[in-house]
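Starting off with a structure, shown below.
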Amino acid sequence: MASQFPSYKYFNLTFPCEYVAHVETNRPDKLNSYFEEMWLELRTIFNTLSDSPDVRAVVFSGAGDRAFTAGLDVKAAAQGLLGPQDGKSKDPARVATQLRRHIDEFQDCISSIERCEKPVIVAMHGISYGLAIDISVAADIRLCAKNTAFSVKEVDIGLAADIGTLTRLPKVVGNYGWVKEVALTARVFGAEEALKVGFVSGVYETKQDTVAKAIELAGLMASKSPVAVQGTKELLNYSRDHSVKDGLRYTGVWNSAAVQAKDVSAAVLSGLEKRIPTFEKL
Amino acid sequence: MASQFPSYKYFNLTFPCEYVAHVETNRPDKLNSYFEEMWLELRTIFNTLSDSPDVRAVVFSGAGDRAFTAGLDVKAAAQGLLGPQDGKSKDPARVATQLRRHIDEFQDCISSIERCEKPVIVAMHGISYGLAIDISVAADIRLCAKNTAFSVKEVDIGLAADIGTLTRLPKVVGNYGWVKEVALTARVFGAEEALKVGFVSGVYETKQDTVAKAIELAGLMASKSPVAVQGTKELLNYSRDHSVKDGLRYTGVWNSAAVQAKDVSAAVLSGLEKRIPTFEKL
Amino acid sequence: MASQFPSYKYFNLTFPCEYVAHVETNRPDKLNSYFEEMWLELRTIFNTLSDSPDVRAVVFSGAGDRAFTAGLDVKAAAQGLLGPQDGKSKDPARVATQLRRHIDEFQDCISSIERCEKPVIVAMHGISYGLAIDISVAADIRLCAKNTAFSVKEVDIGLAADIGTLTRLPKVVGNYGWVKEVALTARVFGAEEALKVGFVSGVYETKQDTVAKAIELAGLMASKSPVAVQGTKELLNYSRDHSVKDGLRYTGVWNSAAVQAKDVSAAVLSGLEKRIPTFEKL
Amino acid sequence: MASQFPSYKYFNLTFPCEYVAHVETNRPDKLNSYFEEMWLELRTIFNTLSDSPDVRAVVFSGAGDRAFTAGLDVKAAAQGLLGPQDGKSKDPARVATQLRRHIDEFQDCISSIERCEKPVIVAMHGISYGLAIDISVAADIRLCAKNTAFSVKEVDIGLAADIGTLTRLPKVVGNYGWVKEVALTARVFGAEEALKVGFVSGVYETKQDTVAKAIELAGLMASKSPVAVQGTKELLNYSRDHSVKDGLRYTGVWNSAAVQAKDVSAAVLSGLEKRIPTFEKL
Amino acid sequence: MASQFPSYKYFNLTFPCEYVAHVETNRPDKLNSYFEEMWLELRTIFNTLSDSPDVRAVVFSGAGDRAFTAGLDVKAAAQGLLGPQDGKSKDPARVATQLRRHIDEFQDCISSIERCEKPVIVAMHGISYGLAIDISVAADIRLCAKNTAFSVKEVDIGLAADIGTLTRLPKVVGNYGWVKEVALTARVFGAEEALKVGFVSGVYETKQDTVAKAIELAGLMASKSPVAVQGTKELLNYSRDHSVKDGLRYTGVWNSAAVQAKDVSAAVLSGLEKRIPTFEKL
Amino acid sequence: MASQFPSYKYFNLTFPCEYVAHVETNRPDKLNSYFEEMWLELRTIFNTLSDSPDVRAVVFSGAGDRAFTAGLDVKAAAQGLLGPQDGKSKDPARVATQLRRHIDEFQDCISSIERCEKPVIVAMHGISYGLAIDISVAADIRLCAKNTAFSVKEVDIGLAADIGTLTRLPKVVGNYGWVKEVALTARVFGAEEALKVGFVSGVYETKQDTVAKAIELAGLMASKSPVAVQGTKELLNYSRDHSVKDGLRYTGVWNSAAVQAKDVSAAVLSGLEKRIPTFEKL
């Protein structure tokens, strides 16, 4: 199946089991830190996976032993934050315009994980700072290895996190005071604390265990009706941002088409006959 | 007091203590599974309790030892999802219209629990699948017995849950990753896990203990000022769906009438005199 | 530094370390209970701290050993709720207008804690009833001593809490069933329970320990870039009340000015040079 | 076709042409003024028309020469506003609860016009005061006779209009200053002014002309694909209350089912063959 | 009555008829242009009028023959926009913080017109540029003299209008293309054009006629029940910013207290007895 | 300047005066009807113009004498609506998924006109059906020739308009009844009617006059500060979809950077010196 996908420059894309894609940031010698070209490629990959009928769930992790990602590459940050410099000094309003466009595009790249129609499970390990949090909260589920060191690092470099952490993290965990504390102090926290507040759903011994567990979980989701799974992701994300009234109404409209899938009868029949259902591609 | 209420076909309605109503799904031989006539009757009951001055809190549970409810009755699901068939095959848009109306009404029936002006406490036990979750998240508080087996079962029958679970469950528990995991995998989870993530507020040894505890809790609420209790439910539900600014403003308007109740002086005086206050019916 | 601030009638204002202000309710003989003049003064103080370039984080606590605050002063409540009486009985609509104005202003005073541009850490101990909860949920982080006794007390005096608890508490903790239970029963809960549900972020042996810890935490925040810290507070509060889409957009606009601060280079350079950065006043 | 519908006590229901229902308030001797039983019946009628596959557009008017409706029946208003009196005087909070329930149900009855899945055209004439405005703004299109006298009359009886006028009128006409002026003064305005500000879409010589025109317009809509027409009404109403982003998304989900109707090919083919298409019932 | 009010430095406050206050910007030699001290005083005045039981409607106009207001005073603008300069150059983020606080307070002062519980009618004449539009759209109704020259002038001084015009003007008139055109070009438009698009409700020969008409209209509103009038203003403003669902619900809660006013029976009785009702102060 | 832009396949891109781009749909022999490749190219063009510092305003029109655009190309519609057919019949849920993705992308292409940071003026003539309306309401200002024939044509081909008309048209004109009428009947309306309801801002004798006027208007906007003009467009669009409170706050944050532009002093100085200001590129 992999043959239908191009190969990518900064990411490994593999297919560990049927309908499951595994995306791996591949810059381990630089602690998987990111610069602009990387997040543009990340968006391309997730847009492709989102539409591919051969993919039903996605695992995301980082290559190497040391880091999921250490966040922004320092040089990239310097350039990215301040935009291309052309020698002439611009006034603060014009710099702001460039910065806003830059942040918008950066946000849009990371949001491609959330927009991806298939569930995305992040398997984290080692250093997971700054952008690591932005990426992980755009995903659906977070697992991590025991050795993971997390930090909403941005205040330590003089800025408020702007690629999604401050917007999505409080909607991911239920403990708002904790979110404020870690975001306002940039302190490092570990796997157990992450588990306790609900930031991650499971902690595993090693990176390998974590990735294996993520693939297993993705495989389980991939074995279900893709109509049901993708509808569930969409409706949960929609409901997060709307009132209960609006959520129910959107759900009714969505399912008025979705329950016409053959998957319902396929699933029910398989259940009665105690066999594993197969579902058409979506 | 019961005499003022009619008797119902699929539910037992009793009054275990003053101002407390107990509604029990009564189809134990079918694991309390639901079909359309049942949820229509459920709405009738909750609309009635909502208005009755003799009711200040409601307990909801399921008859029999095996299940709070196993969810939809299979046949009902088949009919309900596809609407009345008249021999002629309709195009997908027309089928969608029927489905949307059907889902809307089904949602409205379950939402009658949330709309009920009095607090509703659900006591769960045994099999609690699919619709069991939709029902329980429309209530205010969830208790369960040790043996309860929960599942957001819908993806296993090829569809996204559409009667409230995907809309309300994330607003009930604070752990969004957990919600996504259980909704996307349909895996069964138990009482302890439900307690840990905040889905239920207490776990009790047996079904009987659970129902007894729910009645005790309902009795405690029923002993308070009904103006205060009903206002508290309304304002909490309103605030869930609105910004803090909007929530504060609505609260001010609401209380501008509510604090003119005699209950305030009754409560304060009783407090000073160390006796139990009584409140006029509402 | 203190010299630039006036002294206040009902509050002590001190500066335990650089850039950290400590506000203490000072009516210990009355269990720090509040009446109107006090919450008006509270607003004045927080408005002042919000603008002062010499303050980067705030600690809030209560004087004396017995109570953070027991809530409303009974007499104040009686007057406050019913407004100035002039002998003539007004109709309920006119009373409602007075009450609404009164509640609006009361809410606005307590909301000054949330509006304060700097992070506010509340250190609670002893009796912490009613208004204590309203105040604490308007702050960013809550710590408490082991002996703290919390209660959303309002239903016990015949009314729904209207100064912020019902609006903000559910957004602070992730366990909605728990919020409903404590708000509908007014039962007292302790420090351990508060920690478990995420209402407080830490429990300490004594009041002194709690305040010391709050000051330490405030000091840590005050050592960071004030542009980054204040932006983080604002963006977290904005995101709480808006969709992810809206949150990201607002963040981009906000940071298009904020990342032009010299703090970014100051922080990055200090990091490289392993020394503590200093930041200009804001 | 009429035979499938029951006859109603306060309304005439006729079918002037295929797929067009005409509902007429029938209390001309009392200027078609309303009391509770009437608006309950009105809801029953519109709920029925909403679901009936034999109805594709609805005209609403008032019997007799003098009034579309003069608004609330005075006695009804007195009772309705104050609720059933039982001799004992209730406190203002308890009266408020009864009033709120009463207003909610009254609003829900009038909103049945808006919820009706088919377009509703109101043909107005003569006295059209108070409730006349509430009713007409819940409809999709308003036509009127030259002699129509409109008034948002409520301030003249000491209250703010609460059955929909203040909520919907500003969304119907684009001139907010005009809305405020007529609502704050209760002054009577005529057909030409109503046309100029966009409150009505057409003014006709007599009541008969107006009704005839409304039926003609309804007939035109009824000749179109019911999937297209009903979708258009729904999407316009949804968009009124949501951001453009949300409106576009809902539209995409809605049409993903709706454009699978056979109506599209039926309409396109008829267009090419210059004949009138027929559409299956919906 | 005037005796109860202090006199103001930049505004004349008079009481042309019972319950009607007339506020007049009084800096005619400078074309009534504004600087900071003036808008702070404006807020003080409107906050006072909002609460005064002796005021039921307000007229706002400008002294002298030449201008309602020419907008910002140039010097004030220069200072206001850039904040107090202290010799040291601040970085753009710190300047942005000062600017944001400055704009927030300026907006809040002008919004005091909208927050004023009583209807506010603006009578405009002559030069009405920039801030003139911000002020007028915060009011409820706009009248103008034939000679009025309007302009959303801000783009001509290099900035986007930020004191309310861009937010409120599109909600005041229904013609969005027109709003964009005048806001993007800063072109001057006259009274007739303002009338045609619904920006003003009436055009009068002279300034004196305009003010007289505004007072007459205010007098008419002041003769109605203050409970009804103030409720109507509040509910219209609330509905502008909320969905129909939310608007109806808020209306029901609001009126559950408001219709308990004696004004209803007073108004109805006076109507029957053909005499002018009097209403208690509010 | 044109040299920096590539040439496009279906559109002419010219630069009639400084800082003004003119985009012209160039398929006159097919009445400028659209198919998928065209709207993808349209998005590319508007994304490019949005970022180009050499463009400050955009005019959009259609080539040839007969049509602005007749809407969808029939064949394109057939394909587009039903997606690529692969011989196997898919179930309605899978077809719905393809349709939803197709509509989403189509909407996104047309929304590129709204997202374009510079004002867009549409000059319409002749046949302007279906997609013509979707396109024009995504622009800021609409002008038209006398001979323009408009129609919200979609119900005539059996579907509800889904590329923006139903979402944006009601927010463009203030007359909601009129919107419903033209959308529910698909009737053709002319230039005068379009002007009267505010759909277009001006009517001109010929197509040439219309385009010339649009260019003149664009030229006027292009002569103003680009910081001011682009901020004004953004703030007006933001305010359309948010409450007044939110609009004011966003405005304050936006302008805290924007008013630091040199444009303010440049504009003020030029004003004092009676000369035309020049502004740096943005």
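So that you can tell them apart, the chains are marked A, B, C, D, E and F in the order they are listed, and the count of residues begins at 1 in each.
By definition in this document, contacts are C-beta pairs under 8 Å (C-beta built on N, C-alpha and C of every residue); 3 or more make two chains touch, one makes a residue touch a chain.
The chain lineup, named per UniProt: A, B, C, D, E, F = Enoyl-CoA hydratase/isomerase family protein.
Since the model is a prediction, treat every value here as computed from it, not as a measurement.
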Third chains touching both chain E and chain C: A, B, D, F
Cα-superposition angle relating the copies chain D and chain C, to nearest 5°: 180
Inter-centroid spacing, chain E versus chain A (mean Cα positions, whole Å): 48
Length of the line joining the C-alpha centres of chain A and chain B, rounded to whole Å: 33
Residue numbers of chain E (touch at least two other chains): 92, 95-97, 171, 173-175, 198, 227, 240, 245, 253-254, 256-261, 263
In the complex, chain B residues that touch chain E: 250, 253-254, 256-257, 260
Sites on chain C touched by chain D in the complex: 92, 95-96, 245
Of chain A, residues touching chain F in the complex: 51, 90-94, 96-97, 101, 227, 230, 257-263, 280, 282
Complex interface listing, chain F residues touching chain E: 119, 140-142, 171-175, 198-201, 217, 220-221, 224-225, 227-229, 231-236, 239-240, 243-245, 247-249, 251-261, 263-268, 271, 277, 279
Residues of chain F that touch chain D when the two form their complex: 74, 78, 81, 92, 95-97, 99-100, 103-104, 107, 111, 114, 154-162, 164, 166-168, 170-171, 173-181, 183-187, 197-198, 240-242
